[in-house]
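Attaching a single structure in structure tokens format; questions to follow.
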Amino acid sequence: MTSGAERAGRGAGRDYDQLVQRSRVHRSVYVDGDIFAEEMRKIFGAVWTYLGHESEIPEANDFKATRLGLRPVLLTRAQDGSIHALLNRCMHRGTVVCTAASGNARSFTCSYHGWTYSNTGKLTGVPFPGGTGPDFDRSELSLLALPQVESYRGFIFGVLDAKAPSLREYLGPAAALLDEWIGGGRSRRLVLRHGARRIAANANWKLYLDGAADGLHPLFTHRSFIELCSSRYRPGLFLSEFRRDPDDSEMYSQIMPNGHQYLDQRPSMTPTRWSAARPMPGMEHGVERIRATHGERADAVLEQAAFAGMNIFIFPNLSLVDNNIGVIQPVAANRTEIHWYPVTLSDQLDETLALRMRNGEDSDNFVNVDDVENWERAQEGLENVPEAEWLHTGRGIGTSEPYDESQGVATVAITNEEPMRAYQQVWKRLMQAPAPSLSGVAEGSVPA
Amino acid sequence: MTSGAERAGRGAGRDYDQLVQRSRVHRSVYVDGDIFAEEMRKIFGAVWTYLGHESEIPEANDFKATRLGLRPVLLTRAQDGSIHALLNRCMHRGTVVCTAASGNARSFTCSYHGWTYSNTGKLTGVPFPGGTGPDFDRSELSLLALPQVESYRGFIFGVLDAKAPSLREYLGPAAALLDEWIGGGRSRRLVLRHGARRIAANANWKLYLDGAADGLHPLFTHRSFIELCSSRYRPGLFLSEFRRDPDDSEMYSQIMPNGHQYLDQRPSMTPTRWSAARPMPGMEHGVERIRATHGERADAVLEQAAFAGMNIFIFPNLSLVDNNIGVIQPVAANRTEIHWYPVTLSDQLDETLALRMRNGEDSDNFVNVDDVENWERAQEGLENVPEAEWLHTGRGIGTSEPYDESQGVATVAITNEEPMRAYQQVWKRLMQAPAPSLSGVAEGSVPA
Amino acid sequence: MTSGAERAGRGAGRDYDQLVQRSRVHRSVYVDGDIFAEEMRKIFGAVWTYLGHESEIPEANDFKATRLGLRPVLLTRAQDGSIHALLNRCMHRGTVVCTAASGNARSFTCSYHGWTYSNTGKLTGVPFPGGTGPDFDRSELSLLALPQVESYRGFIFGVLDAKAPSLREYLGPAAALLDEWIGGGRSRRLVLRHGARRIAANANWKLYLDGAADGLHPLFTHRSFIELCSSRYRPGLFLSEFRRDPDDSEMYSQIMPNGHQYLDQRPSMTPTRWSAARPMPGMEHGVERIRATHGERADAVLEQAAFAGMNIFIFPNLSLVDNNIGVIQPVAANRTEIHWYPVTLSDQLDETLALRMRNGEDSDNFVNVDDVENWERAQEGLENVPEAEWLHTGRGIGTSEPYDESQGVATVAITNEEPMRAYQQVWKRLMQAPAPSLSGVAEGSVPA
Amino acid sequence: MTEANGSWATNEGSRYVTDELYEQLREAAARSNTLGRSLDAAATAEAASLVHFEARLLDEGRYGEWTALFTEDCIYWVPITPGGGDPRSEWSLVFDDRRRLLDRVAWLEAGWVHPRNPAPTTCRLVSNVEAFDQPDGMRLVRSNFCIHESRRGRMRTWVGSYEHVLRRDGDAWLIHRKRAMLVDSAEAHENLVIIL
Amino acid sequence: MTEANGSWATNEGSRYVTDELYEQLREAAARSNTLGRSLDAAATAEAASLVHFEARLLDEGRYGEWTALFTEDCIYWVPITPGGGDPRSEWSLVFDDRRRLLDRVAWLEAGWVHPRNPAPTTCRLVSNVEAFDQPDGMRLVRSNFCIHESRRGRMRTWVGSYEHVLRRDGDAWLIHRKRAMLVDSAEAHENLVIIL
Amino acid sequence: MTEANGSWATNEGSRYVTDELYEQLREAAARSNTLGRSLDAAATAEAASLVHFEARLLDEGRYGEWTALFTEDCIYWVPITPGGGDPRSEWSLVFDDRRRLLDRVAWLEAGWVHPRNPAPTTCRLVSNVEAFDQPDGMRLVRSNFCIHESRRGRMRTWVGSYEHVLRRDGDAWLIHRKRAMLVDSAEAHENLVIIL
């Protein structure tokens, strides 16, 4: 009965220095509904947060419904091509203005009393204006809009803080990783037009983050997949490298400022990334055709169907894995959705398209389900044993320097938990700061 | 896991002057579970609240199960014809004493340990009284009963406050509206014996109140119905008048003391109310028969099947619309049921009966569903955007005097939000007052 | 969204002297989620709590998953035969380590990152130990284990307090009742290998306790069963004795220290316990066979299929009724499971086995359902009427001395509510004490 | 749909709704729990074929084809009162003659119904099909349904039993009367904006 | 019901519950996941007709007619152990011979069962009907069920599979044994006060 | 399973997945809501017999027998896009050719899948079976399903419609293509670790 949002504020009194320590984190960070409500205000939108991709709203007046934390958001492209992120909540009585998932519209009319907003959020019409009264000022009643919306290589981010430094600055060294992930030079673009796979886990959203650059769990969590490959196929397929001691591995993790993380899996995918691909439906037919058409370039072409081998995580909610964009969508302290968008390239060849789709499904079907189960088992354990207060996060302490954001990029062994410790420091800093406010909202604000 | 009731008290610290302002209301009023728990104590039963209708318990010893807010209540007619409202909760260990929806019984025996209560609430029997012990005083263990139960024209109300002014006083000018709604002089009675349609909405109960005397929303909310009428039938049918600028309309809204509201729709239903009725099943047959039987009185007779055209709202939970009694039943901050009872008249002609039923279903099927959807969209927006703190309630400010209860009845344009502002002042006053106590309960009371 | 555990602590400020009085208990004790969360820490495990039975883990390395309150627990028998109760929650990141209901295993490997624990809880393996870092001390990361686990006649109990007095001391005079229930001398053992019947009730767990030694409710609660017996069979069957005034009954209740309770039903089952048994499937065939085989011992043999007639309750969660072990498993303030384990005797004759099974099902099918319904009706009444604050618990005050634990065993009439008052005093004492802490946990503890 | 004009207001699509019809409906509902065994396999299969086709048309939003399955003097009735009650003097969840049934389809299809923006998707399980002959030559069909309705991430279920009365039309059967009896018909329901 | 008197306590309605019967039940359950394809359409339809009739009798509370569908030496069994287990040495959710089945009906009908005041309404979907011949001349019928139970505004579901063993009785089949295997039989359940 | 070795990586179990196949699947899905009435009772019963047998094999974990029901060039497809969409350019929840279908079974049976430790139990209601002839001689079967999945005390449901395309194989039919269309296919789902 208690809506999540109403609880924001109750989590405010927490002593986050106590809860997040260098080698351990308190269970309440994962299970406390008040802390969750606080996160929805102080993490999502307090920093640049991923909202969608330009290829989802390619034309003028296209829009897509999305969320910023729990907040419903309309991501629009205006007539002039500019992109806007509007809080999808009527300024009259709070009604969600647009319930379509996507579409093309110059304006949105609220279904309740007919207030009409342009796709830049302006309140353009109120019915029977003769009766509004003299104090009614339409210009004060635009949809709340994110004061800053920027995109990088098609990835659209927004932030509630009008004075936040630029997106480019926020991404820092992660921007170059995005470039590398896309590959093929600045003219190549990503295309999100291949559906979306939405998965739901009864677990806290940060469990996703904890594994974003972790090379310890695959051998155990993904044993079903590794066994499948080795029992029915051959050594050397995807994930099999995690069997080896990571100290002997060429794979590495990286930590970046602002909580971003990276794990480079490519050293395990040799001689080509494609060579590590598990057989997928249509592989033989596809490969023959490509070899016939492309001759010596065939191996290079096949890399278009192979996994990128780069695991990039942009705090707090964007994950690039395989050939997919994963968006972390918190729902409750113990419920999270991940929305996976398979992407292709603007110069994707038609003959690699189906292979790329089929390859991607493999991870969804046989890999991710084991992650989800473990998150849920963790949530269950964390919720139900109050005496066991701590998550242990100390692996690798003493094997690398404690990460400091002033360092820029730090490279660590893939089983070192330093990337987790690093994003938790960012999380703590944000939770200790005041919640961002939207202009016009702060004044008049009522402590919840 | 948290029951609604246990939270009463947590909402007590709110600054209701901050939350309810003249041109805006804070979202927490609609989404905060603690405020909801507080409302269940401080609104429902703190003032006269509708419990049921005399025609539902016509005979001696009839009873009907109902609720006062969340509290289970047995509405009984004793052997002597007097009406009682008993809290349906055993004074032994709290068991709901009667789980039947209605029936006829002189006494009620608790299914747990057999305590037996008369239908006036008296504890008449405890099993094996030899073992109760000397301190056991049966007379102190009657079912808690509402200290005041009164009815007006068959509408039964109850209040927890033994010193509350009379029901007649509470209704004030609304009493005359009830008379007018019933029509036909004091001897005509209403009959509730035609089933009940219960609808559920995932929305706060006050969203119903906000629309009780609102003439702005129909054109937008009820567009599906208006389009149906105009595309398949003819102009001038029910609701079509809301297309016109309300400043040109003869319809009007009225505000009364204690939060009661009224919207008179009859000016839009001309030349007769029946003439605005959308064709309903059996209409042709019914009309022919009535014209054949009643000759020139036929038009007058047909008004018995037409909607009343009067929308009366008695704060906090009784709504008269079309030919129905609507009872607002809150369930949670974001869940509400409306129980619709079609009524007929004690002098209803047999030949208008079916037409009246069919006509009423039309609103349920094609009109109310659009209200429910908008309430749910509003709840969704209000819950999920903490930064958008306010509902705007300022329409019409400056076009009419701020309503003051000392005025008695005030008449305003049907799109003026003054009726909403007016009931909110009543709501605020009640929420700022202490919760009512039942005699014998207050003493010994433990702060929850 | 709020997990139960996170709320522990919120219930801490309650004035339990106010809430639990001699002749009444406050409703919040049954409906308040914060008090429930507090109970899960301060009742379950603060005193010796039933965890399972030795016959469920008979062999070396057997294990069974159970719960201590809400905490997942692995009950293991080590290679050396010793029994251990491990908190089933990985010391790395909180994952439930073992999801099997039971089995045989020397060690448990966490599915997330492969930490491996022995069945005594020792952390025996961490993958790729080269990367853990110098501060990592495996010996500090054993599974949390209950510091004391003891069994009495096969019943295994555990307690979180390392300094708690012995189980034998905790059981006190109830130990002799257990002996008597088992019967047949010290060499007889119980066998739990006949399945388990799990029932769920939308009610607080203490409603079970309130009826554990209550002889007032059967006549009313179990009327359906009593009527079935008398209408289709004959007088004198099980439960029919409760029709009589308990002051004329030979049945009696007993109160013991630490909240244990007892009701002796055997005086109502004469001349033999079997003679009170309702006909069950296979009875005629079984009886004939037994009479043919055992001759004059037949009546004694048939007692093996009859109900024990002893209702023993060991606070807080073990109930012996009929021939079953009932384990009270709280789930939420308003949700409880009872897990019923039919037991047989180590010297159970094959020819009484099926009769014993069928007899036991009778109570489950036709008796317990009426208890559950009344608990749910009580929960409903308690939750929804804040003005009716109290449960009345005063029956019998003045007919017997107020129970004091120094008395040892007190015998009272079966309708006297003194047993309920007595356990509530124990409950209050525990709720007013600090929560138990596990060594190594208390230090570093963060107020939730 | 040429019927979709104002002429309906006085046309035949409703004229058959008389007191006699109400009485028939009331009696048929009251009798409905006295039926014996189903007709033979052929009749049952024939009935199943029709109710499954009907269900598929509704799941796929083929409302024009759906209305074509009904007789001109059809009734689609969803009682509130368990068992049916008396529709003449009681409200129903739905009580459609042909005119209002066509209204309902037009209303659904016009696109203005907010709780259908976006439209729910549905999946109807219809099982326990049994067929019976009536003295008047009609074929009575009983079945049970469980409809899952999905919209904006939420799932609802509508559960109950159907009684179809079929009238022969040449080689085929048409639906003359359809009664849907929800197992919880008198309880509160969220928005009902699909055809059951 | 002339059986409803004390004479039952020693009568034939239970005498057939022997160790041999238990062994038959245990074995049949253990074998039940080895069945091949169903018999032909006619046999399947015949089986469906019976289980759907039975379901309807239960939904409509026609318990007298329901018990008449069973043989004198019937068993109605709802195991806890997934697959069935050994009823001789294990508890079941229900294990009724004819006597206890009649007890159950009498208990339901007498009106004193609190969780049936008011009584729940139910709707049974029974699908996936398949029929098999047994060497002993009995007809084995498998089906899946989903029962919705509504009471006081709350809905519960009971889901699982049935195995009916039918015995020929003249032209008709009677239910000799009925086993209802809940998909979650070993989990906790709220009050079971309906016949599955 | 002799197929279970590395030779699969280049064998026939996948070679038939061509652009032409994708186009067939896309078109068939797009056409699927234009079907008329089912074939006669015999064909419908024959189809029901197969889909009910298939459901039973899955509920009982008889995966070897289950795969034997499929043709060598089979497709098991669970689209995300409502209606089906274009599998060549879109992700599916499942898109298995024979090789990946055998992979899936091997993966399930090897015992390493954490969300199947312990394994869920399932119960499939498959109803509304209808059969249609295709111009290419194949038999198309439509049905609706509701699968209850129980694990560790929690119940999930998977609801939607099936389209099976059957190919004659001597006296019998084999499953050539199976498409499962969830009623909420594009919404978020918890772990899907059963075969639909």
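Per-chain residue numbering starts at 1, and chain names A, B, C, D, E and F are given in the order in which the chains are listed.
Heads up, the rule we're going with is that a residue touches a chain if its C-beta (ideal position, glycine included) is under 8 Å from a C-beta of that chain, and two chains touch if they have at least 3 such contacts.
Just so it is clear, the model here is predicted, and its values are computed rather than measured.
Visitor: Which chains contact both chain B and chain C?
Guide: A, E
Visitor: Which chain's mean C-alpha position is the greatest distance from chain B's?
Guide: F
Visitor: Of the other chains, whose C-alpha centre is the longest way from the centre of chain D?
Guide: Centre of mass proxy via C-alpha means gives C as farthest from chain D.
Visitor: With respect to inter-chain C-beta contacts, which pair, B-D or A-D, contains the greater number?
Guide: B-D
Visitor: Could you tell me the distance, in whole angstrom, between the mean C-alpha positions of chain E and chain F?
Guide: Once rounded, the distance between the two centres reads 32 Å.
Visitor: Once you find the CA centre of chain A and the CA centre of chain C, what distance in Å lies between them?
Guide: 46
Visitor: What are the residue numbers in chain B that touch two or more other chains?
Guide: 2, 4, 99, 111, 221, 370, 373-374, 377, in rising order.
Visitor: Spell out, as numbers or ranges, the residues of chain D touching 2 or more other chains.
Guide: Each of 41, 45, 114, 125, 127, 146, 187-188 in chain D touches at least two other chains.
Visitor: Can you work out from the touch definition every pair of chains that touches here?
Guide: Result of the pairwise touch check is A-B, A-C, A-D, A-F, B-C, B-D, B-E, C-E, C-F, D-E, D-F, E-F.
Visitor: Which residues of chain A touch chain D once you look at their complex with the stated criterion?
Guide: These residues of chain A touch chain D: 99-101, 111.
Visitor: In the complex of these two chains, what residues of chain E are touching chain F?
Guide: It comes out as residues 33, 35-38, 41, 44-45, 82, 125, 127-130, 142, 144-146, 157, 159-161, 183-184, 187-188.
Visitor: Would you tell me which residues of chain E are touching chain D in their complex?
Guide: Chain E reaches chain D through residues 41-42, 45-46, 48-49, 52-53, 55-56, 59-60, 62, 121-127, 146, 148-150, 153, 155.
Visitor: Please output the residues of chain C touching chain E within their complex, sorted ascending.
Guide: 193-202, 221, 223-225, 227-228, 231-234, 279-285, 337, 339-340, 342, 353-354, 357-358, 360-362, 364-366, 369-370, 372-374, 377
Visitor: Using the touch rule from the top, collect the residues of chain B that touch chain A in their complex.
Guide: So the residues of chain B touching chain A come out as 2, 4, 15, 18-19, 23, 26-28, 30-34, 36, 210, 216-217, 219-221, 245-247, 332-335, 370, 373-374, 377-399, 413, 415-416.
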